[in-house]
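In what follows, structures are represented as structure tokens.
Next, two complexes with chain A in common: one pairs it with chain B, the other with chain C.
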Partner chain A sequence: MTHFLLVRVGTALATMALLSAALFLATDALPGDAAGTAAGADATAGERAELRERLGLDRPVVERYLAWLGDSLTGDLGRSAAAGRPVGEMLASRFGSSVLLVATAVACIAVAATVLGLLAGLRSGRPVDRLVSSGTVTLLALPEFLLATALLAVFAHGAGLLPAVSLIPLGDSPWQHPQALVLPVASLFLAGVGIATRLLRAAVATAAESPAVEQARLSGERGPRLAWSYVLPAAAPAVQGLAVTTAGLLGGSLVVETLFNYPGVGSELARAVAYRDTAVVQGFGLALAGTALLVLLLGDLVSGLLDVRSRSASATGLRGERRLR
Partner chain B sequence: MNLVDVTRLELTSADGVVLADCSLTIRPGERVGLVGRSGSGKTALAHALFGHTRSGITRTGGSVRVAGHDPFTTAGACRVRGRAAAYVPQDCASALPAERRVGWVLDRAARRAGVPRDGLPTAREAVMGDLGLDPGLARAFPHQISGGQAQRVALATALLAGSELLVLDEPTSGLDARAAAELVRLLRRGAGAVAMLLISHDHDIVAELTTRRLTVEAGSLGDGPLDGLDRPGPPAPEPLAAVRLPAEPPRPAGAPLLRAEGVTAGHGGEPALRGTDLDLRAGECVAVVGPSGVGKTTLARVLAGGLVPDAGRLWLREEPCPWPVTRRRGGDRLLVAHVDQDSRGALNPRETVAVALRRARRAALRCGLVPEPAAELLRAVALPATAAGRLPGELSGGERQRVNLARALAAAPQVLLCDEVTASLDPETEQRVLALLAELRIERDLAVLLITHRAAVAATADRVLELRHGLLVPPARSRD
Partner chain C sequence: MSELSRRGFLGIGAVAAAGLSGLLTACSAEPAAPSGGSAATTLRAAFAGGGSAETLNYFVGPSALDFVRARLVHAPLGAIDPAQPDGVSLGALESIDIDDDLTSYTLRLREALTFSDGSPVTSDDLLYSLRAPDELQGLPFTRLVGRGFDLSAAKRLDARTVRLPTASPIADGRLLLCQSMLVIKDGTTEFSPRTPSCGPYLIEGFEAGQQTVLRRNPDWFGDGNGPDEIHLLSISDAEARVNALRGDAADFVSGVSPYSAQSLAEESGFEVSAGEAPYLSNLRFEMNLEHEPFRDERVRRAFRLAVDRQAVVDTVYFGRAAIGNDVPAIGFPSYDSSLEQRLHDPDEARRLLRAAGHDGMSVELTAGPELPGMVETATLIVENLREIGVRATLVELPAGQLYADYEAYQQLPFAAGYNPPAPFEANHTPGTFPEVDTLVATARSAPDAAQRTDASHRAQQLLWEQGNQIIPVFVPTVDAHTDRLSGVRHLQFPDLSAARLASA
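So, the complex of A and B:
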């Protein structure tokens, strides 16, 4: 287990290093840069070059990457060219709101996917399974902006039940305005519940055919008890599926936050891309990539812990005489 | 009123009829034995008593009543499963939930039978004591206990149900002679007024425990021949059984093909193997015997490279070799083949027999070996050619065990580790499998490690070793 942990953490760090390089190079390759945006449309070529030099954009890309990486590691993500505030500060004020949004959606997805996955997987091939499967496939096929727009049209513009824009006064937590959370969470939920349900359904269907579950049925276990105590533990590796879904939703939150104008990392990131605010794009991108990797790592660890066979015997607490006579 | 009433039951699979026109009655308290060839539909009949059919099998006719309930209806199944009747399956090791400790499994069984929460420890300890299970095993997970222990845990859950009918599917296949005798004693005593349907290929056990015997032959049920059952020896089958070990076995000489020294291994706690040594020469057959849970399977898994021991060294063809199979070099990987005891867990449930054999043969071909054709392998293990298209779940316990053996042989190994390879086989088929092993030893110089609890099987080996206190030693009692 320790070996597995070390290898897994090592891989995550290496992936993070690669991602940071890719992120830096990609933002660098974007047409236009902060100097162009800051200098304005009327600036002459000379003024732009001067601004470039002042911002340090004329140095070779490797040199700038290493400098940025070094600064990032010490916690200094640079300064926003558009807003003039440190990126770290902007991230701190936005990150909590995004985490709240994604975590709420993931919690709802976990509950719904467990219930639907068990229902469909335990009755695979029967009408319930067909219904759940076609429903989840439909959701999977719909892009999240379409889902969010549909929700907006129905609940905000049509029925007028919920605010179309998640306006949250500066300094307030989204918790204080739950009605502003409903539509963004619902959009993310619909975007993620399809894949999570399908992954769990497959794991449950496999577990349901296992000899242990067959014997449990023959011993008189049925219904929720069978599902909860016998089938679900055997399908536990599907927790990795939930981790993948969560990582995907982090990206999905970008679209949803922008659409609802929700004050999270995603909407700010979209704005920063539009303004070619490279420091913000890089800093926020790094934070999102790091969070996604962390979630995936946690998923692997939890599924490793749930597999009793990979745990060491000392951890399972088996001691002393096992043999008979 | 009869406890069990099966009337003209017919079960069908895609390949044809599994059971036809099968009628069976069991009176309350009556003990009925069910014998028959491997794959004749014994387990399917037992499942039908619980209203269950494996995927691929459907009930096409007839009716089943257990204690007056139809188990094929939802309400009837509730009253039969774990209430009126309790089932002890074949392949118990994989029938226990892998993520749960033994104690939890037993507690669930007691709860189902209505034992109050505070009475659970007492009920659990009582049943474990009855079955000779160490109380410490309650903390173990199924993968940490031996095949024989798993069988007794499954039996314990069935006894806890307190049913009127006990259906036992090969209950002694993983037990050594002494444990099997104890089980018989316990069943005679403990299950006093309980009716029993005992499926076994062990004619001794059937004769000792039951008052009426039935045979399943080619999908139909008939009255068993009462004579002949009392004799353990099977009626001599056709020419193959005549292939006995030569009077003068090719006494293997020279350097050992496989040599293990100072093997110390176990699933945590106290190691099952403590400095075990073993030499295996080409063409040699060594039997390893010992009581259930002593570490026989652990030894096989270590030698096969699936379980890395805490200490010890390994030589293959006189060259030092790492323990984990993943670190062995190409040819050395295929040198040792392992036939695991738990054939249900060992075979991929989504892979047909033909695909499993093809994969093993390809691995051999890649290493420049010459494996037998797949059809030849199936014939050698006495399986029909139609078995090739089946999934492991569609085979009987004995058939699966032979597929597992055929797959091991398909990789053209030089050392074969057989873990209870004949445990679920009827005597006739067992004889054929043993004859096959003898043949391979002569023709291909195959070295065989035969793990078994049956004295008759061990007797076919050149040497018999007993695993005692973690060491391989000559058996305590001289054989007679």
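So, the complex of A and C:
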């Protein structure tokens, strides 16, 4: 287990180092820079050059990468080219809101995907499976902006039940205004529940045919108890599926945040890309990549711990024997 | 021993569903948006903003919202106003006098103007305000005054008067002074909600990328009829802004797309307003003279004649745009409206191209969504050019990329661009047509007003005949608001200080 842990953490750190270089070089390779965007069309050549020098954009790329990496390790992510605000401060004000949004959506997805995945996986090939499967495939095929727009049309414009934009009063956090969270969370939920259910259904269908479950069934286990105590633990590798979905939603919240004006990292990242604010793109990108890697690592560890195949056979075996007696 | 129970699963599902719908119900009971007290009027105005890069330091703030906010908080020297004889209406200044030889300007502050900390606004503050854009390394658009005047030689004459020498004689200095210059207190280097200010509103609270709460300044010299509070909301997506208006989370939204404007105008309860000349951006398509075919004046004329301007106004902007005549700065006092309007003439265009030997030439037009309708107009122009036999293609760049690499932009053979509303002469970039440059210099510095106008008109005539820009339309900023709101003035940016909001 220690070996497994060390290997996984080591791989994650190496991936992170590679990602940081890829992120820096990719943003740097984008045509143009913040000096060009900020100066506007009416600036003189001298004003442009001065702006570029002030933003440090005239130094070689390797020098800038190493300086940035060194500063990032000490927690200094640089300053926004747009108005000189520290990127760390911008990240701090936005990151919590995005985590709240994604975590709420993932919690809802976990519950729904478990219920639907068990329902479909245990009745593989039967009408209920076909219904759940066609539903999830439909959701998978729909792009987020379409789902979000449909929710807006129904709940905000149609019924007038919920605000169309997430406006948070000054000094408050989004969690103090749950009404601002409902539509963004619902959009992310619909965007993520399809893939999570598909992954769980597949794991459940495989687990349902495993000897352990077969044995439990033979010994008389039925219904939710069979599903909860025997099938679900055997389908534990699907936790990785949820982790992948979570990592996807972290990046995918961009569209939803922009459409609902939710004050998270996604909408901020979209603005920074348009503005060629590379320090913000790099800092936010690094934080998102780090979080995604962390979630994937946790998913691996949890599924490793839960996986019945990696456990000693005695636990399930004993339970089975007790039942038989 | 029940069989794998459907009811059991439905139960779990129902709990989850109940949780969600409970959340939905709990939420719908609360008000949809922050609002002020019952007696006080609060105007909620939404702008695109700049996310968490927004700043109270308007010298470096890149978004229009940063400047809209700054104009409400810091008193402007004045505003460009073509209805006035001098072309400007004054704010913090009482007068701007120009020496006969156009080498020096005398600026006099209004009496009894005070900062929010109680101190009077003096000529030292005015001097500092004039120099601050350069000293605090402002963005180029804030530094217009420094390009025309010798700021280091500016002198204080008395407590309310400053003498400002020009870099070289100029007659249009009033326009430069009133375009974007605001009054700040001497020595200000940091901008926070507590920074002393002297504008019509004071900052109550500010959170970058989200909201600014402004309260009316009781000591402001103006009529004081504006709303008690103004909440400036940052909503970056244009559709989300329209959604905020429809959902009664905003009373006024700035920057509405031509299509949304058209659909809002047809709904009851909303009004759409568009800026009028001179507050129109010029949408221009520049033919690079480094690109061989464009060196031939006939090719340039053919391209200009090929464009169906009326179709652009009608189909792209639903009529909310002014037709252009290939000369910039429509609506400003020196704009030559006597120039003949160039019409759509594909036959003549084809003939000119053939005569120049460039029949069937290829060209790539580069455009991006930097101004509403820019890409759509470029698409129409490409169609128009194909009609006259040019093998034209459109290269559409993603948002933010057009100007991001300015050197690359300048190399493009045929590219879209735009300029915010600004007078022609002071913003003319020399270097393309020497004859025009000389005339513009005369138009800015000749001692006699008639001479200046004449030189300006001759420069415009030359640009109309031989220039390398197609300016098919002038584009307003289109705003939308509830029909309870009135009194928003369309200057370069919307001015909310005199807005009136009727109770619902």
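We adopt the following convention: the second predicted complex is superposed on the first by the 306 of 325 C-alpha atoms of A that agree within 3 Å, B and C clash if a C-alpha of one lies under 4 Å from a C-alpha of the other, contacts with A are read in each partner's own complex, and residues count from 1 in each chain.
Heads up, the rule we're going with is that a residue touches a chain if its C-beta (ideal position, glycine included) is under 8 Å from a C-beta of that chain, and two chains touch if they have at least 3 such contacts.
Quick caveat: nothing in here was measured; it's all calculated off a predicted structure.
Touching A:Glu47, do we find chain B (first), chain C (second), both, or neither?
So A:Glu47 only meets chain C here.
Counting only touches as set out at the top, which of chain B and chain C does A:Ala141 meet: first, second, both, neither?
neither
Which partner does A:Ala212 reach: the first (chain B), the second (chain C), both, or neither?
In the superposition, A:Ala212 contacts chain B only.
Give one of first, second, both or neither to describe whether A:Ala234 is in contact with chain B, with chain C, with both, or with none.
Only chain B is touched by A:Ala234; chain C is not.
Once the structures are superposed on A, label A:Gly220 by its partner contacts, choosing first (chain B), second (chain C), both or neither.
A:Gly220 contacts both chain B and chain C.
Once the two complexes are aligned on chain A, which partner has more residues of chain A within touching range, chain B or chain C?
C
Scan A:His177 for contacts with chain B and chain C and give back first, second, both or neither.
In the superposed model, A:His177 contacts chain C only, not chain B.
Considering only the touch criterion stated at the top, classify A:Leu306 as touching first (chain B), second (chain C), both, or neither.
first
Shared contact residues on chain A for chain B and chain C?
Looking at chain A, the two contact sets intersect at 220, 222.
Can you check the complex and tell me which residues of chain A touch chain C?
That would be residues 30-34, 36-44, 47-48, 50-51, 54, 80, 82-85, 90, 93-94, 108, 111-112, 115-116, 118-119, 122-123, 152, 155-157, 160-165, 167-171, 177-179, 181-182, 186, 220, 222-224, 226-227, 258-261, 263, 267-268, 270-277, 280 of chain A.
Quick check: in the complex, which residue numbers of chain C touch chain A?
Touching chain A from chain C are residues 1-5, 8-9, 12-13, 16, 20, 23-24, 26-28, 30, 32-34, 50-55, 57, 60-62, 66, 137, 139-141, 143, 147, 205-211, 213, 233-237, 239-240, 243-244, 246-247, 249, 398-401, 403-406, 408-409, 417-420, 422, 427, 429.
Spell out the residues on chain A that touch chain B in their complex, using ranges where they run on.
Touching chain B from chain A are residues 209-222, 229-230, 233-234, 236, 306, 308-309, 312-314, 316-325.
Within the complex, which stretch of chain B touches chain A?
Per the stated touch rule, the residues are 47, 50, 52, 54-55, 77-78, 81-83, 86-87, 89, 91, 94-100, 108-109, 112, 132-134, 136-137, 139-141, 143-145, 149, 154, 157-158, 161, 266-270, 272, 291-295, 344, 349, 393.
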